[in-house]
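In the two assemblies presented below, subunit A is common to both, partnered first by subunit B and then by subunit C.
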Partner chain A sequence: MQITVNVNGAEYTREVEARLLLIHFLRDELRLTGSHWGCDTSNCGACVVWLDDTPVKSCTVLTAMADGHEVRTVEDLERDGVLDPIQQGFAECHGLQCGFCTPGMMLTARWLLDRVPDPSTEEIREALSGQICRCTGYENIVRSVRWAAEHADADQRLDHDSGEDGSNQAEHDGGPG
Partner chain B sequence: MTATSGRGMNGAYGPMLRKEDARFIRGKGTFVDDIHLPGMLHGAILRSPLAHARIVSIDVAAAEAHPKVKAVITGRLLEGRKLAWMPTLSHDVQAVLATDKVRFQGQEVAFVVAEDRYSARDALELINVEYERLPVVIDATKALDHGAPVIRDDVAGKQDNHIFDWAAGDKAATDAVFAAADVVVAQDMLYPRSHPAPLETCGTVADMDTVSGKLTVWSTSQAPHAHRTLYALVAALPEHKIRIVSPDIGGGFGNKVPIYPGYLCAVIGSILTGRPVKWVEDRSENLMSTSFARDYHMHGEIAATREGRILGLRATVLADHGAFNGSAQPSKFPAGFFHIFTGSYDLQAAHCQVTGVYTNKAPGGVAYACSFRVTEAVYLVERLVDVLALELEADPAELRMKNLLRPEQFPYTTPTGWEYDSGNYAHTLQVALDLAGYADLRREQQEKRVRGELMGIGISFFTEGVGAGPRKHMDILGMGMADGADLRVHPTGTAVLGISCQTQGQGHETTFAQIVAQELGISPDDVEVVHGDTDRTPFGLGTYGSRSTPVSGAAAAVVARKVRERARIVAAAMLEASPDDLEWDNGRWQVRGDPEQGRTIAEIAMAAHSALELPEGIEGHLDAEAVYNPPNLTYPYGAYICVADVDPGTGQVALRRFIAVDDCGVRINPMIVEGQIHGGLADGVGMALMQVIAFDEDGNCLGGSFMDYLLPTSMECPSWELGETVTPCPHHPIGAKGVGESATVGSPAAVVNAVIDALKPFGVRHADMPLTPANVWCAIQGHPLRTDLAIP
Partner chain C sequence: MQVPAYVEYEKATSVEHALALLARFGPEARILAGGHSLIPMMKLRIAQPETLIDINGLSELSYIKVTDGELRIGAMTRHAQLLDSAVAGKHFAILHDAEKVIADPIVRNWGTVGGSLCQADPSEDLSATFAALKATMVIQDPAGSRTVPAREFHTGPYETVVAPGELLTEIRIAIRPGGGSSYEKVGRRVGDWPVGAAGAAIWLAGATIAEAGVGLTAVGAQHFSAAEAEEFLRGAPATEASFARAGEIAAEHCRPSSDQRGPADYKRHLAQELTVRALRKALRRARPQDA
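This part shows the complex of A and B:
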């Protein structure tokens, strides 16, 4: 069947099998490999993307269901070379280790912050409760989202290879330890 | 804590932000499934639906006729190439694709190579396998029963399901201590089967270049160099024509140490088709067939005086290794490091005996940040100490404090032969008790008990042995566990470090740059770390068992010091001084007593590459290589305290607080260390409360998806409270110890001790993990569940 999907602002018209999962369309057809596949059963959230304005687990969404809709993936968080504060927050607060769950976590967190700009830690934990991280124990992910909330207007770039201005020196809340 | 970029740092240890994050936060990592090669085909595995059955026939004709199928591989085809079986790391063999029987549900039976992943899956449905069901062995305690079905009849003369008997310690001395002791308490406990479940499953892309004969394998491998050698040995391929690449790895936790049948099938598929073949398992395949963890049925006994002086420990263990002994551990001991079970205590004698058995379950056993069975050992002793405290009506903290090894006893040789390097245990426990506000917690608990509320406080004190390992005790199929490092310093003073281990999230690209930067007085930003590619890095045994910093980290420091010594000779020529008159200070070589006269590494590197006459002993440039052969393990330790609330009506456990004080010696990047501890604590919570791979009586796996195998989320994990003490490792070049697995090893006992402590008003002495609401509720009723045979 033929579908047309807007992914990260670009229109794609493709012939796809009716059974093709959205995650496979994004990864294998469009080669947008930032969204990951982790479990098949909508439990882990590594595949979270936005369908229109809602985070969905793209391992259980058919590509056909995205026909005529807009999809936003991790590749769209950085705009014009400027990181989204949520990306910056994850780097600043050591909110990732292996990085596999990170795109999905950031997209859900971005959605939360768009609706609740100053969330409590409880609200953050609730919002991320449908997603699994095997590395961080979640604490630094919560801190990362808080960092993004506190730096909503941040326009700093995280780029270790550019400049000598020390602009990415930042406070890290290391916790009670 | 303040985390910084490495820019401008001189003195490089500290909480530096990670270099690798720049790609991950942009979705620009390169995981195995992200790799797409021209002409690439896709593989899929047909697996056994039965736990034990004879294969009568396999009909692949319909699958082969599928228009998009390029090859169908069966065990019969592999037999012709002597590849139907492969060696395991525990001196057993494992079927690559089943030929005679299937021995666990999910075992690999056939491999289809097709043009896309959906077609490969479709073709699996077209393969017709006729099975003849056989009786199963699921309960390990019945595996050695007379008349039990023999699982491994592929082994000539095998009449039972016995794998090994192994013991450590002095049995006679231990029995004498027990005979004379005032108090002996015993407890049976199961450390149930669990699974590491990294978020990225296992997979590979194999590409055999038919012209050059070069095989390139991108693989989810925690040990690419070891895998290269194993492929050479198993498949009889020339090792220099094999390149293993571990790209970004989405978590390992020991799950990605072994070579799995899928990897080999992809390689064979590429050889057969002349095209690259990708195989990535799905989640159920990962949970049902790859390396599980634990499955230890333990009986422990502890002997003490009436005053609470612990005298001795005894343990007998039944170890369920599944259908093949695929235990991926390098020690010469079949139970790994289990005999470290004397823990952190000053004992007179100890003895343990372990029997390994086959069952109709997936192979494995050593995985999931267990430090080769230290997890099971720590859990045993820390539960026993709490059972003893209950018996003696002693406070668990005071009882531990009374028996912990004292600083002056280090280096300390345990009753089972381990040589603990350094420690100040009582101090670390006291720091944890102070952080927790222990006395106040106990008062609160008393008040709540009066009101019928269930609150528990659990303590665990652990000692780990990590950094495999010394040759006298460890090897991988005969290979000693030394790690190489090479360091190139460019003319302008930036450097490239090649290491043999690689990151699966641990942040090696940052930490190892910091190690080199610290030694050379340059910025970590000026050190590029190359890892995970056997064609570009020196040989070494990989990343697992918390060995990166203890072994490869030492190699990085040693190679940097070699470079620094070469630089000394060049600097002496530049300064017209004798090398002996130079001292390394403030990141440069300078003339002793004349700090104005000095040269940085960058200045020296340019001179070493220059056309100037070079001093004797320097042929040009500063590059060096090193191999680090660890003289001993490193022994990190820690004190953990968990505070839990239990709902008496539902058995639901809520973790209110978790205090973790780790001592892993010198911390190179404390931010990364703390992150690893956080993750390990979550693992401990998962194992203690949620995670189990159980089986029904027919051998059906009951933990085959994340719907059934429950992992902790942000809701189950409390906000971790960390503290630290620092007791440097005396034999490590920079005083560091491993830490990656400490929290996974130490935390389950703290959680369980907290829950059992909460249940004290009901007289509960023990219940096995996972402490699900149903299991806790049943424990309150006096009948805790057998957690490995059904999901409670």
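This part shows the complex of A and C:
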């Protein structure tokens, strides 16, 4: 069957089998390998992407179900060399160890902060409760999300040396927050 | 790698279209709602439908509203929507209690109320919830619709009265004065099925229980309910002693089986204790001025 999916702002039209899972479409067909294929049983959350405005476990969604819809993956968090505060938070607070769960954690955290800009640690833990970090680095993941909440408007230039200060803020297309 | 077997796929654009597709593709077609039970089963090849009829586009089945003295929930309502619904929580707090402990937040974003009910897993939380509330299911076919009491909806594990060619479209719960409800679950961790759970709904007439509903999950209760306990409660004083006895009766009549989530006697204990806790909280909610 032919499908058209908007992924990270770009339209893709492809011929796929109806049984193709969204995670495999993203990774194998579009080569967007930031989303990770983890437990394959909708338990771990490494495969979380946004379907329209909602985080879903893409190992349990058919690509066909995304036909005509928008998908957002971890690759879309950074824009024009500017990290999303959630990415910067994970860097600042050592929110990842092996990094396998990180894309899903960050996409769910971004969604939480969009809805609840100043979440308590309880709210963060609840929001992330469907995702597993096998390094058990939950403390730092929660700290990372808190960091992002506290730095919603920070300038997160990828290259710290060239950014230096907030002078590039105007180029951020309205800012990441 | 788990991949579903080859399957045909049709996107329904309306309830009528979905019913026409069901008629056209016959009993080997399956409705695809959120897919969070069906797709894992297809990946394991436990389910192998020939055709999927995707009803995710049917926004007409996604609603929570009060009509004619009933709370009406569209079958395509996602778990997260029911959990977020103020009107659902206001009339039936048990719906929020149960939704808060179903799967995990991300699964709740996409899994649907109707999908969970039609999957009919014996450990699924909404079956006992709607049994406690004495809800009514609306099932549609091309000729029209019929209603079925929640307690007659299931015919066995993973089996319901929804026939090939039919579609569950709505759940209705009568709103009556003096009511309170709650759901109590014991699980091992987020996302796991319950070890055991109980739901309670009571309607008061003064200090007396005019009507009671007790639902039980994952403990082998007939129709996900404790009819004998309800019979005892009807007309009884709304007291701790009544609830204690109702818990004992509920435990006596359920038939839990031992599995990796716990031995049968522990689950029976849970049926008793969780029934009491659910009734206690339901009473507090029925009498908010005493809380």
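In this text, the second predicted complex is superposed on the first by the 155 of 177 C-alpha atoms of A that agree within 3 Å, B and C clash if a C-alpha of one lies under 4 Å from a C-alpha of the other, contacts with A are read in each partner's own complex, and residues count from 1 in each chain.
In the analysis below, a contact is a pair of C-beta atoms (placed from the backbone, for glycine too) under 8 Å apart; a residue touches a chain by one contact, two chains touch by 3 or more.
Because the structure is a prediction, the values reported are computed rather than measured.
When the shared chain is aligned, subunit B and subunit C each come close enough to touch A:Asp40.
Of the two partner chains, subunit C is the only one touched by A:Asp67; subunit B is not.
When both complexes are overlaid on chain A, the residue A:Arg134 reaches subunit B alone and has no touch with subunit C. Contact with neither subunit B nor subunit C is seen for A:Leu26 once the two complexes are overlaid on the shared chain. Legend: residue contacts after superposition of the two complexes on their common chain; A:Thr121 is shown touching subunit B, with no touch to subunit C.
In the superposition on chain A, A:Leu113 makes contact with neither subunit B nor subunit C. Note on subunit A: of its two partners subunit C and subunit B, the one contacting more of its residues is B. In the overlay built on the shared chain, the residue A:Glu17 is in contact with subunit B and with subunit C. Judged by the touch definition given at the top, the superposed model places A:Val48 against subunit C, while subunit B stays out of reach. Within subunit A, the residues touching subunit B in one complex and subunit C in the other are 17, 19, 24, 40-41, 43, 126, 129-131. Within the complex formed with subunit B, the subunit A residues making contact are 17, 19-20, 24, 27-28, 31-41, 43-44, 46, 73-75, 77-78, 83, 87-88, 90-92, 94, 96-103, 106, 121, 124-126, 128-142, 158-161, 164, 166, 168-177.
By the touch rule above, subunit B contacts subunit A in their complex via residues 1-8, 15, 17-31, 33-34, 36, 116-118, 196-201, 248-251, 253, 282-284, 435, 504-507, 525, 670-672, 674-676, 678-683, 705-707, 711, 713-715, 717, 719-724. The residues of subunit A lying in touch with subunit C in their complex are 1, 17-19, 21, 24, 40-43, 45, 48, 51, 54-57, 60-62, 64-65, 67, 108, 126-127, 129-131. Contacts from subunit C toward subunit A in the complex involve residues 1-9, 11, 32, 35-36, 39-40, 42-43, 52, 54, 56, 80, 103-107, 109-110, 190-191.
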